[in-house]
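Right after this note come the structures.
Presented sequentially are two complexes of chain A, the first with chain B as partner and the second with chain C.
Let's look at the complex of A and B:
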């Protein structure tokens, strides 16, 4: 016991903080999800009633569909797609130009989310004074359009994507830059288009980073809702109501804390399942396998 | 096959002059070595030939064709890197066929060619392996196969042997030379190893600080170094250098220093007019000094003290202290002399190299 005490002492701060801020909330939410707690804040246990209610909830199908569209397209088009393109382009041009463009793409991340959200609201303002409508009028002479009514999901995806792309961009950029230059020289000498080199040499070499960004961003997109909350608040007519936002609305708008807790437990479940799926799909174990030591014959 | 002509090539990285106004020619089918210490600009030159770097100024011709603005993939070159640069995620087969696939060939079109070249290089049994699963020597052969599969008109090698162990390096040296000889492909070979350059190349360009110090065949580079840099860089153990002054004594010309007096051979005398002052540096290779135990008459001997002996198996290197300077003498003869004993050195007057002390250029330029 004497030997273990210093270990315990050093671990204590992190054990305590992780317990209080991570483990405890999960347990509390889990317990809460079996109650019918409402604005009266009473722990009246109802068993799995909340989960049964979920099946009958007419909103669920809309929310699932919205969540899927939102996560899938934001991830594919921006957090992976745009991020990858930005990383490839900014590492192809000179260091200076590349750094400049990457800095520009970092700006949304440096902007407070409320300010950023309000900028999008202004950009798509339905009146003559919205940025997009000004451009539309100048370029095509068309009348203003109420974008937040007509294409709310598009705006949500784009707004989130513009923030999200920089994360992958930074990771992919450093991954591409750390590819030994001989591989790229060899590929250039051996012929093949830029696209061929990207597909056959660069992408396989940054596979691990692509997996990481995919998995990490899926999870953060599943649980993020602050930009949607600010820009559309799930509207119009629940067109942008995603799972995380629905959870928030149930708990803090309808004061159905028990039901909200149950919804978030399901989200945790979905997150775990998708993480496991990614690990399997990208054969994670193979990637972290120890390389064989080279021995000269 | 094609010749290479480089005219006034300069490559600057910002203010660093990596390659500073060099010109040379590689003849059709010739094996040219670019030799020099690290950071001398030889690899930069190679990468500029490959088209990876754009010249700051100057012209590069392949045959009569100016290639300055030609993309690397359109230059029809095969290249081997020091690291081999084998794609780790591809099998040996995929690595070797990569240049053909990049050009849009289908497997049924190139399969025979792959089989052909791997048979030639003796790596036919490794086709399914990943580069991490084969030895360094085998990786080297795969890299050679990948460079040669598309039958390039120019073969560029960047220190291809430096990642191999000493024994394998000697083996591959001969193999690459044989391969080049068989294919008669115009080859530029970058190395910092003078032995590789001397043993493999038809001609050698010696680089220092972005400039070419001398171009010539191995015999010329070794026996007629044009400046001190080449003289001290080529040869192992390196040439001995002594600061001296040219003096005439009783009709005979000598290079004289405090402790040394070296006779200048008649064959060298006509070149002495190239000197601006009598101040010279005399260079003499370790094998051009003879060492005697006893003072023999009728010979021009210089007295010294044996400092240390380095046995090399077949030869021995005797380090002799003459005054302040230490001379290295290499000989097959095993002399029974102990360290600290008195010895006598004789310089082969015909093999003496004389350099202007100011310009460091040989008088036989």
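Let's look at the complex of A and C:
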């Protein structure tokens, strides 16, 4: 008789915990979105009423517009733009200097979100105590401006961007470092400028990484609201209320759990579609090579 | 490398390019450097010139360590809650992932590919969209408003990430090591425990440190699922303080924040060699 495989023992804790806190919530979110559940936690099924409400919700157009602006600009300027710039620059200078700058850029990602939020609240402080207003005063002699009132979306994009840039930076850096040195030297010897090398040699060779970062970061930005919640909480007057934050407010501020679940389903849907997309396009087979030799089990 | 010859002018041109690049790097990195400098300086001074140059040094801002702020729970209670959260998340996650990572690295079974796909998918999946359903689950299991609930939740959602990291470390160990153990008469589990596990200590350190820091920094789950002040952790504490004192008492805000991020700073200074290598797969922002 075959001995029972120890595989069970190895997998049990992970499978159980992931089922309870991941698989179950995914299904439950779907079911809840068809109820009008509120703070009394009663299951009153209302069919697709929540989805009908969503179409008629006057907030939705604002929220969609904000989400688009937030995701588009953060992605373009920071998660891709700054990330690429940092990767290209830090691999051009010496390894030590490059490593130093990359490490500094990891700091925001590592810092607890509330503390990170506080630093940007200070930076955009409305008086001439904040970093941006000081810089404006010293450089241009301009009076202090209340940024949180006048340009809340700018603050949100910048604050998220300084965290988001490091993701692409690391991926791009390792991709650039794996380009055969000969290619780069060849471009140098031919007298190609830095821009020439970047445009003709480096960028074509890291296009997969650029595509991956774009796909992956679009999804994370769509579903992130932590820093927005801390810095502006969607304000002033819903100017920074994005989809994920609106979901959160609907559920945990207005206690419309059913409606919140329906709003979440949109994100869950996007998440599932993106997941399928990753699996199809990003050479998954290579990552999960079969174990070379197998003994028992 | 020396087989390539650059002319004098080419080298000169490259030097100028590098100087320009360093300058741009400094300029775009300046906001990070300045905000962190401010955080440290503001916590030790009463007034700041140009917002960032300390005028008079003081320890007054740190009074919260021995005298609790009115309307807030004592700092040390909050500190211990945070510590319990971080250590428990770390313990659970390391326990589950040293097992799970080994299974996915070394066992061949029918569901293997499916499981690996699931791990990768969950990893990229926006867990934040599940908050409503998770609230309901915690509510009916009586885990709402308890640290236990948040610990189990946080650890569970991080397990896929940890499995991926641990699998990477297991993958690097040659199969011959395992065979030697099996030939010596150990069972599969014994080989894992006595031979393989000691070899992946660096992996355990990485998974441990990152899960500790992630538990230590957790904000959204605490903010959503913890209602009473007695169960606050430092993140909700700092958030509440920011709400009450923003633009008013930066000295207090910065000193509490600095106190909060001490573990982060220690890690940053002593272990940053792991940072660039492992954290690629973080899902934040």
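Criterion: the second predicted complex is superposed on the first by the 252 of 297 C-alpha atoms of A that agree within 3 Å, B and C clash if a C-alpha of one lies under 4 Å from a C-alpha of the other, contacts with A are read in each partner's own complex, and residues count from 1 in each chain.
Here is the rule we go by: a residue touches a chain if its C-beta (ideal position, glycine included) is under 8 Å from a C-beta of that chain, and two chains touch if they have at least 3 such contacts.
Predicted, not measured: the structure shown is a model, and the values here were computed from it.
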Checklist entry - Is A:196 in contact with chain B, with chain C, with both, or with neither (first, second, both, neither)? => result first
Checklist entry - Regarding the shared-chain residue A:50, is it in contact with chain B (first), chain C (second), both, or neither? => result neither
Next on the checklist: By the touch definition at the top of the document, which applies to A:67: first (chain B), second (chain C), both, or neither?
Outcome noted: neither
Next on the checklist: In the overlaid three-chain picture, which partner chain does A:188 touch, first (chain B) or second (chain C), both, or neither?
Outcome noted: both
Item to check | Greater chain A contact set [chain C / chain B] | outcome: C
Next on the checklist: Between chain B and chain C, whom does A:105 touch in the aligned arrangement: first, second, both, or neither?
Outcome noted: second
Checklist entry - Of the partners chain B and chain C, which touch A:91 in the superposed model: first, second, both, neither? => result neither
Checklist entry - Of the partners chain B and chain C, which touch A:180 in the superposed model: first, second, both, neither? => result first
Next on the checklist: For A:232, using the defined touch cut-off, is the partner it touches chain B, chain C, both, or neither? Pick first, second, both or neither.
Outcome noted: neither
Checklist entry - Counting only touches as set out at the top, which of chain B and chain C does A:240 meet: first, second, both, neither? => result neither
Next on the checklist: Based on the A-chain superposition described above, do chain B and chain C contact any of the same residues on chain A, and if so which?
Outcome noted: 185, 188-189, 191, 291-292, 294-297
Checklist entry - Which residues of chain A touch chain C in their complex? => result 5-7, 9-14, 17-18, 20-22, 24-26, 28-29, 32, 37, 41, 74, 79, 82, 85-86, 89-90, 92-93, 97, 99, 101-115, 117-123, 125-131, 134, 138, 160, 162-164, 167, 170-171, 173-174, 181, 185, 188-189, 191, 193-194, 216, 219-227, 229-230, 244, 247-248, 251-252, 257, 260-261, 264, 267-268, 270-271, 274-275, 278-279, 284, 287-288, 290-297
Checklist entry - Where on chain A does chain B make contact in their complex? => result 180, 182-183, 185-192, 196, 200-201, 204-205, 207, 291-292, 294-297
Checklist entry - So in the complex, which bits of chain B are touching chain A? => result 47, 50-52, 71-75, 77-79, 81-85, 87-90, 98-99, 101-103, 132-133, 135-138, 146, 150, 164-165, 168
Checklist entry - What residues of chain C sit close enough to touch chain A in their complex? => result 1, 4-6, 10, 13-14, 17-18, 21-22, 24-25, 28-29, 31-36, 38-39, 42, 48, 50-52, 92, 95-97, 99-100, 102-103, 105-109, 112-113, 115-118, 120-122, 124-137, 139, 152-153, 155-157, 159-160, 163, 175, 178-179, 182, 187-189, 192, 213, 216-217, 219-220, 224, 234-235, 238-239, 242, 246-247, 250, 253-254, 257, 260-261, 264, 267-268, 272, 275-276, 279-280, 282-285
